[in-house]
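In structure tokens below, several structures.
In the two complexes that follow, subunit A is the common piece, with subunit B as its partner first and subunit C second.
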Partner chain A sequence: MIDFVKTRFLKIEHRYFPSVGVLGSLIIIGLVFGFITNKFFKLDTLAGIFTITAEIGMVCIPLALLIISAEFDLSVGSTFAFAGVLGALLLNQRVNSFLVLAAAIIFGICIGTINGTLVTKLRLPSFIVTLGIMFILRGLLLVITAGFPVSFKGSNMLLFVLNGKLTGEFRMSFIWLILCVIFFHFILNHTRHGNWSLACGGNVDVAQAMGIPTSRVKLINFMLVGATSAFAGMLSFARFGMAYPTLGEGMELEAIAAAVLGGCALRGGFGTIFGASLGALLIASLRVGLVLVGAPAYWYRAFVGLILLIGIIINKEIMRQLVGGEQ
Partner chain B sequence: MKKIMVAILMVSMSILGFCAERVFYYVPHAGAGDPFWAVQKLGWETACRLLGVKGIFVAPTVFSIEEQVNMLESAIAARPDGIATTISSDTAFDAPLKRAKELGIPVFAVNIEDYEPPYVPYIAYIGQDEFIVGEVLANRVLQEFTPKRAVIGIHQPGLTCLELRAEGILRVFQNRGIPIEKIDVTPYPTQALEIMKAYLARYPDTEVIFTLGPLGAHPAIDLVKEMGLKGKVRLATCDVSPEILDAIKNDLMICAIAQQPFIQGFLAAVWLYLYVEYGFLPPAKMPTGPTVIDKFNLDIAEKQILTTGGL
Partner chain C sequence: MKEASRHPLLEIKNVKKTFGKVIALNNVSFALERGELVGLLGDNGAGKSTLIKLIMGIYEPDEGEIFFEGKSLRGLSPGQRRALGIETVPQGGAVVPYMDVARNFFLGREILKFRCLKILNLSKMHEESAKMIAEAGIRLRSTYERVNFLSGGERQAISIARTLYFKGKLMLLDEPTLNLSIKETDKLIDAINTAKNYKIGIIFVTHNVYHVFDIADKFVILNRGNLVGIYPKDMVTPNDLIMCIRTGNPL
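== the complex of A and B ==
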């Protein structure tokens, strides 16, 4: 059977196989929830799931690209919060809406640049660098806001464009998520940068020997992560009209979990954008599904942990069987 | 190294304040930048100024028992006239508070008390009983109407004070035979809103959503607004923010419970002073709440926010 799958499918795109585990988990979970409650596949429920997916996905998808190039970013949650607070503060100062959005994204890019520069130029581990930046940003947020939430009261076109209601319970964030998936899928699979990212994660010494500018590739990936994390923070702010200094705490781990569930190898060199987005969808489905089926309140975290472990085991087994490698 | 530096800092601060007749420390579990603790700090500093004592407020930036214990030990090493602290962990605080007692340093518990025996040694507790908070909140809702079903959205499961609030609510509703349960809504607003929405889809007869703080209350307010549920699903919460006061004003929320953090910090200094200076013996528990904020006392609540920054 495995040989059949191997010969039949490996010719197509073996790099998509990491997504098989998460896709399988998603189908099983969907079937189970759908079987227990007929509310799971209702449009309103799906809209809610996609709204949560959008927020996690906007962070975990670029993060997947970074993980593929063998780096981490733990500052995504604090960048997310900072961008939201920045957006609220600037809008309260009556700054032009789209300048506000630009400022938030530029801020994210700056954070990515700092992370990337420290990692690539000083050869520091990204885990420590981004942890440090995370603390710095959280500290600055507390100083700037004095711990208070920052609200923006009033209507603004930007808030609608970012996260207004599209149709029914579907929100604009769903569109942004799809654009994000397409954009990063294109980058990973159809550009030189994507190939270089895979090469950096596979074996950085070989990649360098082949003339790949590994530092530049990683720096760009850090910048992309910063930009989209900031954008995701603006999405959250746009929906609630407020941001606060602890917003997005713990999000970095959820985003990494989603990327790994989606088949990204933690040591880099392997993974897909499609898989990472399914990982985010799986986490969001669990969040909503467990409530819908009336599961005991405190089981969610345990379920995510269990699904994460099962997903990783499935992914590893699939890769072992199909590619023969130790992913 | 960190402990030594904190100790040096605290001893220096004590020496700097030698000219004050009394030196008191307030060592809570969180402080810098947190609005709740900013108000506590203001109350503490105001009282210390009025009393003419040196009041030193030291706290971890974010909730950290380990860091708080280190600071507490350093404060004890500085041999002050009295200490106020939050009992964020009974086991972690047992040794330092026993040492403070041996050294004759009076300690008052503020905001968080020791919930279970064997109790760590402190003179008295200033704050609210979280279980009673839940009961008062639930009873205030029942005074308004008897819902068919209710849910409690807890944004940080496992946090003792929130769990106790939830237990208080559960007890009252279960005694009345009203279906109620807790759900983990997470501290993330988007997820909180969608989780509560999913709960309403599963149980459309839910008429009350309890939340245990602004992190749960704000998404609940947005949920009611977004889904046009005003009058159908009513809200009640603990702690207060401008958004929560607006929701009470606009009839989206029945009430909120305030524990009046300013007065907790203020009374901590006052009671230390009364104890040390005059030998007054306080009652074991001195409640600063629960105070119910509803549309009938919004004006006075707003005045407290205006003058102290919080409620």
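== the complex of A and C ==
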């Protein structure tokens, strides 16, 4: 009987244990904001949280896969903003809607390819490479727009498909997020690429000795991050009908915080898509909750930092208790 | 197949390797047959690890040749040598800590459901790895267990079971008993004996003569990159070998 229980217990993926921490934090935040203001659990507020979750989640979920393979991408915020501005400029030129979406995603893939190639071929640290790309893209964006937002006047089917209102304040972006979670969960847990990503982060020497093309695996993950960051940028543009050159500033840190809160090990080899999406939900709840309780805007960053620190301490303790001492 | 079986499994001929002015290996030659276990002995700096890396394909010899089933390995990558059946079990085993046993067992050679979509057949991977691990005489609680819960000996035993499953022909064990308890060492020796029964040629690198003496068929002793001697087991005692390693002189 004991053996049976042990065997069943072992079948539960240990990578899910840190999600308990982020789920607990989410419940606490919900209770605190719910207690302070009765608006927090209203449908419109929840819809707003889901909309923001979708934009952060679309970035942090593939980023979690990249972190699991032991790399980083700090250029996601700039890619996010650039893709939105690109989409707005192209739509204003009356380019076919779906060509606009394709162009934005291809742009994201190109950025991912540049990041991935520099990291894997030149063996440069991803932190520095993507920091450089982040500044280059942000600078170019300001040059192109002269610092002004690019707006799109009129209606377009693409804007509805990306982020139109479904019912009440609930938007299409939430459906895109769910599809994104399912897709990346499947990739990580049920495909050879996911297995190889875990191996690249867990022990790159063993992965190479087992014949895994580690550079190719990481390059693909960079490309996926680029593609979805660009897609998230298009979601944001579709929400406002306007693209700001400063949009997505600080998003890279929010996305990394969400992935880490969700249980991704910063040195790679460990983490879940489910956890990362809960991390995105936590950050979005915090953002909306602070606005509702009337906290000054400047407090938001401080709270994210605080939650990140508390979350990481809880995660570490859970990992130590349940996963084993090596984490 | 018949052509291959006429040659020794592995033949090392007059191999020399230098790193700058340091001569790591000098004119080393020996051969290994199928199902034979060679204890590769020597003190630190003897050239044991360099020789293993030459066979793996991490380094190429400066002079001399390494033949596997009669064919030169020169120019082949570690991956290509692995495809030929040369498997390495490094210290701590070739495993990734946070992945479960089955995922580790099939790492790089996963069983796929839909080959074009590269989807893992996880149930088959667990089933097959559990069967092979049990066949190799290794007792594990579950193939769902992550390998960082396993002992060093169990991790190495998984690598050995993997070699058996993928029909490896030559297994290179690099200091496999280092840091293992007595019980763990016994378990590992059992797994190595199982591998011998599968007619796998084995090179067992170690400092500890007693760990390899019972299971080896012959001993190759290196000292400062030079071959001291090749001794069949029935001609020597453990003390002879220890003396030979200590002095660096042939018996």
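Following the convention adopted for this analysis, the second predicted complex is superposed on the first by the 303 of 327 C-alpha atoms of A that agree within 3 Å, B and C clash if a C-alpha of one lies under 4 Å from a C-alpha of the other, contacts with A are read in each partner's own complex, and residues count from 1 in each chain.
FYI, contacts are C-beta pairs under 8 Å (C-beta built on N, C-alpha and C of every residue); 3 or more make two chains touch, one makes a residue touch a chain.
Model, not experiment: these values are computed from the prediction.
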Which superposed partner A:51 touches (first subunit B, second subunit C, both, neither): first
Subunit B versus subunit C as contact partner of A:270, first or second or both or neither: second
Partner chain in contact with A:191 - subunit B first, subunit C second, else both or neither: second
Touch count on subunit A, higher of subunit B and subunit C: B
Which of subunit B and subunit C A:170 touches, first, second, both or neither: neither
Partner chain in contact with A:294 - subunit B first, subunit C second, else both or neither: first
Subunit B versus subunit C as contact partner of A:210, first or second or both or neither: second
Contacts of A:236 with subunit B and subunit C, given as first, second, both or neither: first
Doubly contacted subunit A residues - partners subunit C and subunit B: none
Residue ranges of subunit A in contact with subunit B within the complex: 37, 39, 42, 44-45, 48-49, 51-52, 55, 138-139, 141-143, 145-149, 151, 236, 239-240, 242, 245-251, 284, 287-289, 291-294, 297-298, 300-301
Subunit B residues touching subunit A - in the complex, by the definition given at the top: 32-38, 61-62, 154, 157, 181-184, 186-191, 194-195, 197-199, 201-202, 214-215, 218-219, 222, 241-243
Of all residues in subunit C, those that touch subunit A in their complex: 78-79, 82, 88, 90, 94-99, 103, 107-110, 112, 117-120, 122, 141-142, 144-146, 148-149
Contact footprint of subunit C on subunit A as seen in their complex: 3, 6-7, 10-11, 14-15, 190-193, 195, 198-199, 202-203, 206-207, 209-212, 265, 269-270, 323-324, 326-327
